[in-house]
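Shared between the two complexes below is subunit A, which pairs with subunit B and subunit C, respectively.
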Partner chain A sequence: EGPQDSAPVTSLHSLAVTSEQIEHLHRRFKQLSQDQLTIRKENFDSIPDLEFNPIRGKIVHAFFDKRNLRQESDGLADEINFEDFLTIMSYFRPIEMNMDEEQLDRFRKEKLKFLFHMYDSDHDGKITLQEYRNVVEELLSGNPHLEKESARSIADGAMMEAASICVGQMGPDQVYEGITFEDFLKMWQGIDIETKMHVRFLNVDTIAHCY
Partner chain B sequence: MEVVWAVGQVGALWVAVVLGLIVLPSALGISLGISEAYMWVLVKTLEWATIRLQKGAKKPQPPRTPTANGIIERDETPMEKEIALLHRADFEFSHIFYFCRKGFEAIVEDEVTQRFSSEELLSWNLLTRTNVNFHYISLRLTVVWVIGVIVRYCFLLPLRVTLAAIGITSMIVGTTVVGQLPNSSVKNYLSEVVHLTCSRILVRALSGTIHYHNKENRPQKGGICVANHTSPIDAIILTNDGCYAMVGQVHGGLMGIIQRATVKACPHVWFERSEIKDRHLVTKRLREHVADKSKLPILIFPEGTCINNTSVMMFKKGSFEIGGTIYPVAIKYDPQFGDAFWNSSKYNIVSYLLRIMTSWAIVCNVWYLPPMVRKEDEDAVQFANRVRSAIARQGGLTELPWDGGLKRAKVKDTFKEEQQKNYSKMLVRNGSVG
Partner chain C sequence: MGSRGRPPRPAAPLLPVPVAVAALLPVLAALAAGAAEARATSEGQQPGAAAMGTGTPPSPSGTAFEETRLHVFTLDYPHVQIPFEITLWILLASLAKIGFHLYHKLPSIVPESCLLILVGLLLGGIIFGAEEKSPPVMNSDVFFLYLLPPIVLDAGYFMPTRLFFENFGTIFWYAVVGTLWNAIGIGISLYGICQISAFGLTDITLLQNLLFGSLISAVDPVAVLAVFENIHVNEQLYILVFGESLLNDAITVVLYNLFKSFCQMRTIKVIDIFAGIANFFIVGIGGVLIGILLGFVAAFTTRFTHKIRVIEPLFVFLYSYLSYITAEMFHLSGIMAITACAMTMNKYVEENVSQKSYTTIKYFMKMLSSVSETLIFIFMGVSTVGKNHEWNWAFVSFTLLFCLIWRALGVFVLTQIINVFRTIPLTFKDQFIIAYGGLRGAICFSLVFLLPPAVFPRKKLFITAVIVVIFFTVFIQGITIRPLVEFLDVKRSNKKQPAVSEEIYNRFFDHVKTGIEDVCGHWGHNFWRDKFKKFDNKYLRRLLIRENQPKSSIVSLYKKLEIKHAIEMAESGMISKVPSSVSLSDYHEGKIKPLSPTEMENMREILTKNLYQIRHRTMSYNRHSLAADAGEKQAKEILIRRRHSLRESLRKTNSLSRERPVLAFCGVFL
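The block that comes next holds the complex of A and B.
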């Protein structure tokens, strides 16, 4: 029994990780799932390093978000298997040397889409002011010095800037409904996110084996 | 009838060999060089096996990096620098990248759980338990492995079990006998002899090869010896070279018998279960022991639980509140020949001992560090951290601020709040609020 048996070939190719890295991830998966075949939200509670993360909830949520799992339906999954786990991990793979323009563009879009889903909690395809405030509040949570108003003003300022970039000058009656994914992409044009949103594996061969 | 007699002869021969070659030298404290020869053969065989493995692999092997530090490359850029790198005005976008990545890194591997699984080896040591993907490589290698299994299970294991039995029995009998004597310097001397001899027998029972460094810093009477904890045999490793007063909880069963016997000969400090909960009582008793300069140094493992010997976790401050001189000791096992780490949530004590006794050998280095005393402006926690750093540095272990109790429990809220405060302080400083 091995991870290679359970995952179909296509998803492995898109991950572009070596079989050793998959073994590592599989071992980690088994550790988190306590030797079960699927992971539930509660399993992420056993990671002490994660406790400190203010957006811990959103990160865990992202693992179960069906949009990230490339499933047709919407909403949240109750549990995910190893293949799903790898699918989510693939959003954080680093750039490879041999990528061409089209691949790079797709690569970048995927990462931004992942981020977009994190903000858009009601899955309606738009980041509203309330959702934005939500994220900022979480980021600043646990800080006794900042009151709720600061979080609000940050969110409001950000939304206004987003609106000005995406829609241009707004008339007094115009209401900016929310940031769509296209607007989101525009906001991040020219900014290098690929090197910020990845986790790079060390090239290790722990145990030599031959075939 | 003749068969019984023949078996009896073999049995007698066996016991004679064991006594002559192992027990007697232990009592006298000399070495016949058998262990050294064994280790030499072992090293040569394992080198050969590794070369075979490397030859067998089709692809050229990339240069190996030690896995003790994890499988993902951690970007150590402090958060402030990262946020400055993103020119966008929207600060929270930058923050979200940072935390997203940290979150993912934690999910792929976290520093804490890593420390509670055995250290991975860079090359195979012919024990299947360390080769997670055992692939058939060559007939010759498999044959050597099979021979290895036979040697370990059919020859080494019975030998070691015999020795362990002899060691434990002599410990119980010896200390009970010595315990009958009235308190005097003769009694103390005899008690030391008994403890040392039995300890040496037990170390040979594990095929232990121990290198002691800086023996001039050995713990003196009236002091406290602290060491990092990897397995229950740590105590035996240390008592092989000196006498200590052990500190611990009273157990039942065989352990309890040993405890009751040894305490008659030598003033070990055994606590009842109910007493352990009362920290003041514990501290008081230990203080009394330390104040008496004629008593043997106490041996304490401040981590509180077994860690996998790649790092040193938080030291509980209780041991450092007692006062007196602290003698730090660093113990580092070489995992090449046998993994000494006890993963108590995975294996119980019996299966752990079985694993140890069917490994090739237990090889470790022990460094005695110069004694340390608490400075006037230091509190117990700072002192504990200072000692911990010294031990970690000497043993080549990494230091982690985590509590060993995390093996079973969750992160303390106070610690979480501390982290959150640090992050918030940074935000306010950046002036990006409002």
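The block that comes next holds the complex of A and C.
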């Protein structure tokens, strides 16, 4: 069953989003883009609730990240169309009951890769200490009582934990460069991301409105 | 309790002790009766008038025709009888518990509840044999007013709230609709059985059957806790079964009272049925409101207790108990009230009270609930023995059969419906465990004793049936659930060490999800949680917490882990290897500015303020143990030194580099 909008949706069947959801998202897209064909970063400013999100910047950034849009090139896109919007949303689709082991694994890796790209802001495939510190600072930025020092030491502590999990015992000569994607996978092993990372599109009418 | 070098002694030598203690009871009773008799005859009263149980002191009549000599030694049992017996019971229960845990394999095979019931049975048999009369039956008032609240309070206080609210819809669905389904199903099918004249049950009416169905379909939180605690299923399953057992109290109370009144009314109008439905809402919502209100009052009270720290724990217990009995006074659901009170109070009280008070609260709560639970099971065993029974093969066996069938059917059908709305659908294994975990316990036991015998001529039959069902669920299901869980390979809770990075990831992930929900305009769970958090931070915390320093859970966890590591370092003696800042600066040739005294002072201040408020959060609910406490002062010292050296070294380069011996061995250490 094809979607009911006019944008070209060639590869949508691979995204496994139902037609109802597509229609709902299309309405939302039109709201955000103010009836244009593409969305720019500024359009996200019109979502009031997103203001309070401490990692707002990273979330918006993720929408324009070419690695998430499955394009071969690197860097940031200036604007995205509805197909790209759907591609990003498909990272949050629910798990299906009839998936086999291999599909589940791929599913999980996709979602984790999305999160990885949010951490790795300079696109070099590694999460360095500075990037990690950046993340923690942003996370705790909603809390005015915390000093930057605390955020930094927390990031340092977390980084060391990552080092111990991924590399094990380090000798006195070793340097730990940063968390690669494989290490990242190891750290998320205990958490079943494939079931948690999922947004339900239950309500078909848009409740939250933009200015 | 780790294993020590010696082999564990079997429980056998210790078991005679509680038995001996118990055997003392009738002896004491006989003595007391004898002493009372002796005194009575000496003062001219009729012998045997001063019965053992009454404890009325013999009146000194002025017309004693024989003077008594001064007694050198007197035994006055009736004077202390009630507290004496209570103490003996509690002592017996605790000794029995020690006995079980001495042989450490036993609790893992047989849940404690079974063993306690067995001890109770034994005791009941002894009392019955010694006195030829039925032993004291557990008074329903004692159960509902004194024994049940501590257990529910303990469970509600340590409930993982986040998981509970995430699954609230499912829990509510099972509790309300599931219990209704069970009650009506069992009632009607039993009525069908009663119609068959061959069984001799035709005098039991439909309403009586419905009432019986309603009281036997209630899943019992005490039994569920006792059994599930040992099998460590994943938190999701645990919260579903346990949450259901808590929430179904509302429905049970309503149905029980409804059918009881119907049985006593002569005609039933439609208006009564609507009144029943309205009653349900009032009972449930009213109970919760009372709990929340008193929870806030308690939190507010603790805001001002910083001068009298010693009575802080008292407020927690008093307010929770007050919420329970207030709800009971209005015939609302006391269990829901006390649960709501505990869950509301928890967050704010934790920040207001001192560390010591908090520890006291935790320990005392666990102690009370442990004692209550033990007493309940022992009393159940004792009350079973006696002349309260009427055995009817058909009724009892069909009751058991219908309980099992309707529970299984109910869970299956309800899950199919609720899976449509859940983000994580429940698999067959989950459903099986949920159905199998529907244990009955002391609540239905007490409810059946509360039935007025005038309206229920066959009350003894009901009692027998309830006892059989309880024994079956507690013994058979309780013992076999563990091998079944292993056989079905149900996902167990993974008791990993909490890691700072995990907390960071979880928090990050929450925000991502909320953000995406905002972008696509959907109100999900995260939306409501965020809204509540904002409201909480803006109004509630300011009002209820004394020194409001909103902390992130990431920071709390980090500090907690730092202390833990610091303690470990100190214990293993490695602390001496940490180079002080001076030597570190010597080591590295470059110009390092050591931290100025003001900076150090600032850091220390921050640390002390935040360290003082660190709490251990129990990650998984455990009846018998609590996380160990850290020695604060030493920890602070170590922590300051370590953080200092850490900061110094990390200041040099931006990546973890090789020249830092402290870092390397920290890396090793973590």
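Operating definition for what follows: the second predicted complex is superposed on the first by the 191 of 211 C-alpha atoms of A that agree within 3 Å, B and C clash if a C-alpha of one lies under 4 Å from a C-alpha of the other, contacts with A are read in each partner's own complex, and residues count from 1 in each chain.
The rule is simple: a contact is a pair of C-beta atoms (placed from the backbone, for glycine too) under 8 Å apart; a residue touches a chain by one contact, two chains touch by 3 or more.
Computed from a predicted structure; not experimentally measured.
Asks: With the two structures laid over each other on chain A, which partner does A:Q34 touch: subunit B (first), subunit C (second), both, or neither?
Replies: neither
Asks: After superposition on the shared chain, which partner residues are touched by A:M89: those of subunit B (first), subunit C (second), both, or neither?
Replies: A:M89: touches subunit B and subunit C.
Asks: Where does A:Q130 make contact in the superposed view: on subunit B (first), on subunit C (second), on both, or on neither?
Replies: second
Asks: Touch check for A:M160: first (subunit B), second (subunit C), both, or neither?
Replies: A:M160: touches subunit C, not subunit B.
Asks: Based on the superposed arrangement, let me know which partner A:M118 touches: subunit B (first), subunit C (second), both, or neither?
Replies: In the superposed model, A:M118 contacts both subunit B and subunit C.
Asks: In the overlay, answer first, second, both or neither for which of subunit B and subunit C A:L25 touches.
Replies: both
Asks: For A:D49, decide between first (touching subunit B), second (touching subunit C), both and neither.
Replies: In the superposition, A:D49 contacts both subunit B and subunit C.
Asks: In the superposed arrangement, does A:S73 touch subunit B (first), subunit C (second), both or neither?
Replies: A:S73 sits against neither subunit B nor subunit C.
Asks: Go through subunit A and flag every residue that touches subunit B in one model and subunit C in the other.
Replies: Of subunit A, residues 24-25, 28, 31-32, 44, 47, 49-50, 52-56, 59, 89, 92, 115, 118, 135-136, 139-140, 143, 145-146, 150, 153-154, 157-158, 161, 191, 193, 196-203, 206-209 contact subunit B in one complex and subunit C in the other.
Asks: Quick one: which bits of subunit A touch subunit C in the complex? Just the residue numbers, please.
Replies: It is residues 24-25, 28, 31-32, 44, 47, 49-50, 52-56, 59, 63, 89, 92, 94, 97, 115, 118, 128-130, 135-136, 139-140, 143, 145-147, 149-150, 153-154, 156-164, 169-178, 187-188, 190-191, 193, 195-203, 206-209 of subunit A that touch subunit C.
Asks: Quick one: which bits of subunit A touch subunit B in the complex? Just the residue numbers, please.
Replies: So the residues of subunit A in touch with subunit B come to 21, 23-25, 27-28, 31-32, 44-56, 59, 89, 92, 115, 118, 135-136, 139-146, 150, 153-155, 157-158, 161, 191, 193, 196-211.
Asks: Considering only the defined contacts, which subunit C positions touch subunit A in the complex?
Replies: 421, 423-425, 494, 496, 499-502, 504-509, 511-524, 527, 530, 534, 549-552, 554-555, 558, 561-562, 603, 606, 643, 646-647, 650, 654-658, 661, 663-664, 666-668, 670
Asks: If we count contacts the way the header does, which residues on subunit B are in touch with subunit A in the complex?
Replies: 53-54, 56-58, 61-62, 64-65, 67, 70-73, 82, 86-93, 95-113, 117, 120-124, 131-133, 135, 137, 402, 406, 410-411, 416-417, 419-421, 423-425, 427-428, 432-434
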